[in-house]
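Have a look at these structures, which come just after this line.
Paired with subunit B in one complex and with subunit C in the other, subunit A is shared by the two complexes that follow.
Presenting the complex of A and B:
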């Protein structure tokens, strides 16, 4: 007899959804969290797309602790002095059934974990899982923790322990770790009165803005972001690890540089930094994903590198919640069927393959590499902003130049060969489908 | 025999503008008290009962204490806005059957350290408050020896026997971690809830402290300057300055009689 049926490691979005799904299926679930409360270790400041929660918590949007509903989605290309902003607004996204939202993750994760507790899961905080227990056949049947008398046995362990998952590594599910598959997300939370944020970003009430930025990262491959909360703004950068290391620049210097950019500075003027934090992000998509199933073990969320960093789509929490939910359901099904070996747990990978979780990653497999490639990072922002600059600059008495001429000249100035441009365009077209 | 530990459910975030259950806990002094109580109980096989006064949320600290080894938990359902005397009276009723009552010396949310003293007064127990070093006996009959902080860096050595209220500083002991199984069991622990009748404690009306008024003779002098000087001049000694060398008892009697004479005490 095991201590419990299912152990979920990590009470983030993946873990809590796994616990909700398994508890709803009638299993005894223990949800283990390293921090003093769920979300306490989380620094993520991005947009959450919780549509997948419809399946688990039908009225989630009535109760979830949301800061602002995103009604403006912008993609910004920054050169040294210029900025091209493609901005879409839909106030309908600010009403039920909603689309994306900003939230403070210590609030959101805590709320989600309480839903798991309400569903019957047992939440244990301030506990770090230190390893896996195996039975005589080598099959995983529990965990060890840093607590006294800290071993706990179960039929299935679901690892939702986040990026750089020690559990998935200990189980041998990851190939050798390659630092180039990871980025460092660095974020400052800036305090401004709500009325000032509303005015500067052109929103009202709980409407919010999401700005994704290409360029502006001081020559380090990556990207930037600005998200509005009710009375704070999250500003930050995502930086490719080997490039950051090679450039020998401090991440906070890169954020400071971004904040000084003429297109960004007016948005955040007078704001006070109230928080600075950083965290690793698994950005290489399908190419870095581990095996997600072993005997008695499932891996979900960031632990399984289920993070989509595909330029115009930057999503992770929804992949975590979905994979967690499917892991919880599959673990419960496998237990009921009496087979929790890797073969018995294969419904999980099947479910991931059938849904957006892996379909999106397969379709966009090449995009993360394209977005973080040197050309897209260092040449295209200047190239594109150069074209726009010349198209809209009036130089009378000279007549307007032809667009083809501008394209040709700017391409040469940016040092992009026609072949490379065509190649990247094809990769992009193929990747984005 | 039962050992009681009084735990106060406080904002443990260290920030005054946070009012959130996630950051609630109990102060280091209370943690040290719990640790000593558990150590004593290990030697004597006594039962440890943890007590808190507050709303349902306060049960979190009781479950935490149960996870670390306490056997019973009591929550006194009382509004925490009551002053220390009222809270202490309610706690005293719940722990009157206990032999030792351990408390933190004062809580880190601006606590004054008065609750342990009030409990001791209510129960007529001995009190050993503000301890900075405690040596637990190995035998059940031996006293607990302890050092108490006094002013001016002095220490008082105490021997604690029989029924007593003991309050300790937070730095004296590090609270043990709860076992994983202990935490899981604590989630299922039944917490006893005591509702108290509104206890009537007479508290005199409060006002800002000031010495009593006393009659001062009008200054006498030929010129206005002389009269002003009489009132404001500080170059000559006057008033109460006096140095005496006496035994403590006589010194205390002299101080009291002088305070009466000067109008500070009736």
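Presenting the complex of A and C:
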């Protein structure tokens, strides 16, 4: 007899959804969190798309601790002095059934973990999982923790232990870890009165704005972001690890430079830094994913590298919640069927393949690499902003130059060969499906 | 209004419009619950032979400080537990990385 049916390691969005799903299926669930409360180790770069929660918590949007609902979604290209902003607004996104939201992860993750408790899971915080237990046949059947007498056995362990997942690594599910698959996210939470944020960003009540930025990262491959909470603004950058460590500028200096950009500075003027944070992001999509199933073990969320970093789409919490839910359901089904070996747990892989979780990643497989490539990072922002600058700069008495001439001249100025431009355009067109 | 004050009001060029934080002030905005055990240890001998020092620039908490004798001074206390250091380190065995004891380490609030 095991201590419990299912152990979920990590009470982030993946772990809590795994625990809710398994508990709802009638299983005994222990949800273990190393922080003093769920969410205390978690930060992100800004928007939760909670649609997938409809299945587990139908009235989630009435209760989730949301800061603002995103009604303006912008993609911004920055050169040293210019900025091109593509800004879509829909106030309908600020009303039920909603689309994306900002939230403080310590609030949101804690709320989600309490839903697991309400569904019958047992939440144990302040406990670090230190390793896996195996039975005589080598099948995983529990965990060791840093608590005295803290070993715990179960039929299935679900590893939702985040981007560094020592559980997936101990189980041998990862190939050698390659730093170039990861970015470092650093972020400042900036305090400003709500009325000032509303005015600067053109929103009201709990309407919010998310701006994702290409360029503006001091020549380090990556990107930037700004988004609104109720009375704070979050501004940050994500930086490709090998590129970051191969140059001299530190992460906080790169944020400072982004904040000084003429398109950004007026948005955050007078704001005070109230919290600085940092976290790794698994950025390489399908090409870095581990095996997600072993005998007695499932892996979900960031631990399985289920983070979508596809330029115009930057999502993670929804992939975590979905994969966690499917892991919890599959673990419960496998237990009921009496087979929790890797073969018995394969319904999880099947479910991931049938849904957006892996469909999106398969479709967009090449996009994370394209977005972080040197040309897209260092040449295209200047190229595109240069074109727009020329198009709207009136140089009377000279007549307007033709658009084709502008394109040709700006392409040459940016040092992009026609062949590379066509190649990247095709990769983009094919990659975005 | 004097011509001088009109000119001053006309000067819309502004430099940095917020106070730049010192690194210590920046780190002090985050909460760290420090355990007596160092969850990360650095083997100074490996660092002495390292020329790239990738941890020094990449660690967001600035915990790796080069010393004049060619070593690295490391303090685990204000660590975000992100994993950057072991990922970028090229010296096998230089960094031993674990999570802090349950309940300790970084505690985020408005992230």
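Just so it is clear, the second predicted complex is superposed on the first by the 432 of 433 C-alpha atoms of A that agree within 3 Å, B and C clash if a C-alpha of one lies under 4 Å from a C-alpha of the other, contacts with A are read in each partner's own complex, and residues count from 1 in each chain.
We take it that a contact is a pair of C-beta atoms (placed from the backbone, for glycine too) under 8 Å apart; a residue touches a chain by one contact, two chains touch by 3 or more.
The model shown is predicted, which means the values in this text are computed figures rather than measured ones.
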item: Touched partner set for A:30, first subunit B, second subunit C, both or neither; value: first
item: First, second, both or neither for A:106, with subunit B first and subunit C second; value: both
item: Superposed model, subunit A: greater residue contact from subunit B or subunit C; value: C
item: Contacts of A:19 with subunit B and subunit C, given as first, second, both or neither; value: neither
item: First (subunit B), second (subunit C), both or neither touched by A:147; value: both
item: First, second, both or neither for A:280, with subunit B first and subunit C second; value: second
item: Partner chain(s) touched by A:192 [first = subunit B, second = subunit C, both, neither]; value: neither
item: Touched partner set for A:66, first subunit B, second subunit C, both or neither; value: neither
item: Partner chain(s) touched by A:122 [first = subunit B, second = subunit C, both, neither]; value: first
item: First (subunit B), second (subunit C), both or neither touched by A:40; value: both
item: Doubly contacted subunit A residues - partners subunit C and subunit B; value: 36, 40, 106, 127, 145, 147
item: Subunit C residues touching subunit A - in the complex, by the definition given at the top; value: 16-18, 20-21, 23, 26-27, 29-30, 33, 52, 54-55, 57-58, 60-62, 80-84, 87-88, 98-103, 105-111
item: Complex interface listing, subunit A residues touching subunit B; value: 3, 30, 36-37, 40, 106, 110, 122, 124, 127, 145, 147-152
item: Subunit C contact footprint on subunit A (complex, rising order); value: 34-36, 39-44, 104-106, 125-128, 130, 145-147, 163-164, 166, 177, 179, 182, 184, 186-187, 189, 229, 232, 241-242, 244-252, 256, 259-260, 265, 268-280
item: Parts of subunit B lying in touch with subunit A, wherever the complex brings them together; value: 22, 176-184, 187
